[in-house]
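Got some structures for you, see below.
Look for chain A in each of the two complexes below; its partner is chain B in the first and chain C in the second.
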Partner chain A sequence: MAMSSTETVSSISRKKRFSFGALTIVLITALLFAFLTFTSDTFFTYRNIYAIFYGVSFQFIAVIGFTYLMIIGEIDLSVGSVYAFSGMFMGYLMVMKDVPLIPAIGISLLACVVMGALTGFLIVRFKLNSMMVTIATMTLIRGLASNFVKRMYGATYPSVMRHLSKIKFKEIYLTIIIMIILVVILEILLRKSSIFKRLYSVGENRLTARIYGVKSNRIIILLFALSALAAGIGGILLNSRVTYADTAIGLGLEFHLLTAAVLGGASLYGGRGSMLGSAVGLIFLATILNGMVIFNIEPLLQQLIVGIILIIAVYVDTRLNKHE
Partner chain B sequence: MEPNSVNGKSKAKIAPAFQNDDFIEMHGITKAYGIVEALNEVSFGIRKGEVHTLLGENGAGKSTLVKVIMGEETPDSGRLLIDGHEIESYSTENSYGMGISMVHQELAVFENLTVAENIFPSRYFTNKFGAIDWSALKERAKESIEIFDIDIKPFQKMDSLTLAQQQIVEILRCISDNQRIILLDEPTSGLNNIETEKLMAIIDKLRTEGITFIYISHRINEVLEISDKITILRDGKYIRTFVNDENLTEDDLVNSMVGRELSGSLYSKKAFYDASGNPVLFKVEGLEKKNALDPVGFELQEGEIIGFFGLEGSGLNKVSRMIYGLEGKDAGEITFKNEKLTKITPQEMIRKKILYLNNNRKQAGLLMNSGAADNMMLPRMDDLSVMTILKNNAIADYAEKYIRLFSIVIPSIFEKPRNLSGGNQQKLMFSMCTGAEPELMIVNEPTRGIDVGAKSEIHKFILQASDNGTGFIIFSSDLPELVGLCDRIYIMKNKALVGDLQGDAIDEEAILAMACA
Partner chain C sequence: MGMNNLKTNGNRKLLNILRKNETISVGLALLLLVFLVLARPNFLDRVNIDSLQTSIAPYGIMAIGMMILLISGVFDLSVGSTMGLGGLVSAITLTLGASPAVAILTGILSGLLIGLINGLIVEIAGVNALITTIGTMYIGRGISEIVLVGRGYAGYTNFPDSFNNLGRGQFLNIYYMFWILLVLLVVFQLVLRYTKFGRQLFFIGGNYDAAEKLGINARRIRILAFVLSGALAAFAGILVTSRAGIANRYTGVGAHMDVIIACIIGGGSLIGGQGSIVGAFSGMVFMVLMSNAFNLYAIPPQWQSILVGIILLIVITVDGYVSLSKQKRLGKI
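Our next item is the complex of A and B:
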């Protein structure tokens, strides 16, 4: 305001201004935990909390790539389909083609990465809108997955595959341990590493990022490949848990992840997002659903409430952006 | 210096703050944001049918005053009277109702609609069936356009117009809706000289019809050309109003704005540096793109500053983007320090110490919502990190060093650029390039829309860096700036290079003649 630009600079603060970021959703989730603990006997038990974390741990792997894409201002709505496809393709290879476990995982994940990279390539090369392209690939990949469901005639997956999701380390499911380790590492990297700082710049202003040497096109393609890979891994583990090719696997997952990421501070406009936030967002959603089951709330009403939560999250996101 | 007196040598005539028949009256308008006083007891009047310019450095209070007049901000105290009526409640609808409109720096036009629809966005000419009467709309738009003798068709799509034409359409919209007071905020910042002339002619015509203009611009030449009166604001205070007659000079205005005498004129020409004997630093041959750029070749010798000038559509922007790799080329070779560049991409150029300053900081060149330090480290992240982990202390030192070097007024290294004034944003953007220790800078519109203080600082910086061996290629639509800074100027027209002028041959008229002929 009333400062002349020639005024000498006396002191420049180095203190980072406090910003809530992922802390908001952490606090809200903590309040929800407290509320459910006081109002119900069955909520805060080791078994129940453990079950919530176990359920979230599969989705978490998929939300990694999803969050990165949101940070750079893109979106991948095909995650749910890839989630279903990866496990079903792997199961198909093992059941119908007698492919051993490791090669089956490799082939399936490779297919996911190729599909993701192709999606990214289309978006970059022809400057297409990622939402539209991934709605198309969502349909397309779901079609491929259904094809495997049909060919397997409801057969259960081989036991080695079913065992994947049950691997434990010191009495705790490995997927939970992986989730916790990844949240910590990825959140730190997101804040400290130049590689991830570049993602924010791409999301905030792509041309600015390019001018200062950020290879935004390459980043977009890589992240779509990563998103498919992450969804693929999560999908293999969830299929392993479900034990057979269930058509319901991954249905609506994209919107679930979107809600969690936005709750966790990611923005539909790009430039924002946190891995910790997305993870806690998932836990928050799982806890809400868990609480509603405890209180015997009708499933239809449950969907209503999740819908309302998403509207609130999007409203807050838009308000924040208007402010900026 | 006593604030309300002008330098003894000056013959400039000071106008009284108020006259009996003022159309707009401001009395003691005060507005503070927190502890910062943006406006402090501002009182003066504007008469009907005059072009009244508000002049002041960034942060002087111009934009806040404009916001008050537009009804976007309510003053903490003070009164505003339009045509004798006191404004009771401040709102944009209210101001519009009083006949006040603004043509913004970022145009508010409907790009996908036609010119006619843009002139009459809220008024429908309907026939007896209630459908839009396109022929009536066309007729009215045609009448409107014809007043100004400009080459626009009523049913042309808005996005097919040049920036200048869009701006004129926006002015047409204001007057077609009987607006009596039009605020123009930096209307010429995107225009070339010819378009500026045309706009000036239009303002001149409308003034005789009783339309009042409040004009904001940093281009002093233009302000001296068009204004009837010029009011100076400084640090939120009203300083004085000048009558714009032949006695008023650029120096009077600049000295009043900064509250002291600037050493030397703003556009003093630097001494010509004849670099013809020096080795070539940067050379472009046969740079070409189908339908966008005819083959272009030029070179920059060590120690030289070269400039490019051309009107909109001359291909100027293409050249600057193509030599930095922001846009692909069909053919052409670029040599830097005797090495042929095979891969022309921004990251490769940065590695070679070639940096690019974007022409429009609001569009790109800054991350407006990330902290200053996050911005500054962008081109240098690899040097400021160990195994990609950023060194926070080193970054803070780095940011502080350049903030001080450019005397950027900023409270914290984490402050977001969007909270800074235009001049400080521009200096921040400059510091981002400078921090990467460039050997060559491709500079676009180095001082677009910033105040004279910041402008002269940036000019000084360019000259100093040039003395220290940095090469400069400057693309600017500010002709006096180019003339003042450059040793050689290339002129472009119709997607082709039409010539160059060097040393004493550099002259505004000669350049314009080549660019327009």
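Our next item is the complex of A and C:
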């Protein structure tokens, strides 16, 4: 990932490369949809599509911050732990400490933001590798979350909290509506807004970005805080849906989000990524599982297929855009 | 002036000690060991010593492979799946009627193959190591699950005694597998220190491009490192399988994180170019001792992940601080 000064120059003058980005994953997902629609009667029904979108809407909120971090060339492996922590902490406050709904949400999300900002601070201050730091925070925060699981003795969350994920607007779950609105807004911002475009330049090359006056350190801390906040909100909603503190919540989510973001055009080397791509990547992964259930294929095969797809997608991408 | 000089000298000495990356983990492991021996009389019980050996050995063997990869600047998240698959392949071969020796070799071969696939995808196809090994982690686990479908939670059991003996037998009151670990530690320490391969690993991890320009075949060396890591992980899985007398779907789940964390505590870095076999071993010993301490004191395990997370953060930050101040002194920043 180290870049020498000659590459600095070339990366400014480089023309926009072919982007194995949002468009590709949209096409592939459309093909998958078409295939499943023609081969099965139960796939393309309102209820089924609705269920896929509802399931994805929780992960989508978490993938927002994750995608931004990938664009600037950082990674946050602690998302799955934060996802579990936020809802469990909130539930703990409500169940065991009788804290009302809104303050409980506030305290829990504040804790997430502080942890995210601290992670970002450490990375910036000591020039640390974000993957290493977030392996540490992933372990730490998972420990905190399990602590709340134990302390609640399997109690269900209060009904006001369980209701959060079930809020509907005109017969459609609010989380789905939020997802669709956010995808549109955030994708447009990434493409049109100069502030958001700076993220790509930070990802492409931090040194040049600094020369041009982009305060990359501040952006990095801010985005780690945002990633924790986004994962926190998604986690609160998912916990609300699961209705109790289940230890399995958020396990492996970091790799799932990474797979979705990479399928959606993000690169581990930074400088690329799209919100629409990440969202469609998540839908693609959910659809594969859905299709396998419909065709009665051993659901365990899912892991195998996702693994193969991930490697092939990145291989094709690497072939098309040679990294130095 | 003199005082000042003395102080900088003292600081530099401290920095030098800290820069020997394995110092922290060796210190932590020794401290914990002494504490447990003194504070818990039941620590030295036969049962406890047995369980320590049989947890340290397989994970320590995996840590050797991981450390070699880390030194060369890559890593392998698929080791947990490979561990499970290695044990499973051996178990199936045994069940088909092969001799234990053949079964063990087949198991190791499966790990070798996964390592080779990892190495080829990363070095020849040019796919990032994180993505590749997440992919092969999913694939390996998927294969294990499919093979085990319909076998319930028990998986494969009923191995001949000669196979189970590998994991259960002892020589001089020490488990065979612990002897094997000790031999591997010495061998790989010598390899790192005295062979061209060993020194080239550090070189590649420190500066890949420069190493290639100097005519080192970096690709081949990294592929070899992946193959080693895969084979060692599969072998660890075989040891666990023969110790437990069972090959099931839970072998090695999550092991990749434990191994990587142990290696980082032991002074390895995901950036490459640093690490040592002593560090891999002491990092693993520390992790196992800590979980043992939590057991002996009956402290809920979630506190362990909190503590491991904090220690990991401290180790990483100290490492970052030391290398920053070194760069500052050299005038690079």
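Observations, loosely collected:
By definition in this document, the second predicted complex is superposed on the first by the 299 of 324 C-alpha atoms of A that agree within 3 Å, B and C clash if a C-alpha of one lies under 4 Å from a C-alpha of the other, contacts with A are read in each partner's own complex, and residues count from 1 in each chain.
The rule is simple: a residue touches a chain if its C-beta (ideal position, glycine included) is under 8 Å from a C-beta of that chain, and two chains touch if they have at least 3 such contacts.
Quantities reported herein were computed from a predicted structural model and do not represent experimental measurements.
By the document's definition of touching, of the two partners only chain C reaches A:S146; chain B does not.
Within the superposed three-chain model, A:T208 lies in touch with chain B and out of touch with chain C [touch as defined at top]. In the superposition on chain A, A:V314 makes contact with chain C only, not with chain B. Of the two partners chain B and chain C, it is C that touches the larger number of chain A residues.
Judged by the document's definition of touching, chain A residues 4 lie at the interface with chain B and also at the interface with chain C.
Only residues 121, 125-128, 130-132, 134-139, 141-143, 145-146, 149, 209, 257, 260-261, 264, 269-271, 300-310, 312-313, 316-317, 320-321, 324 of chain C touch chain A when the two sit together in their complex.
Contacts from chain A toward chain C in the complex involve residues 4, 122, 126-129, 131-133, 135-144, 146-147, 149-150, 255, 258-259, 262, 268-269, 298, 300-308, 310-311, 314-315, 318-319, 322-323.
Remark: chain B residues 33, 36-38, 40, 57-61, 64, 235-236, 258, 324, 326, 345-347, 349-351, 356, 358, 363-370, 374, 377-379, 381-382, 384-385, 388-390, 396, 400, 403-404, 407-414, 418, 421, 423-424, 427, 432, 451, 453-454, 457 touch chain A in the complex.
Interface residues of chain A, counted against chain B in their complex, comprise 1-9, 12-17, 192-195, 197-198, 200-201, 204-205, 207-215, 271, 324.
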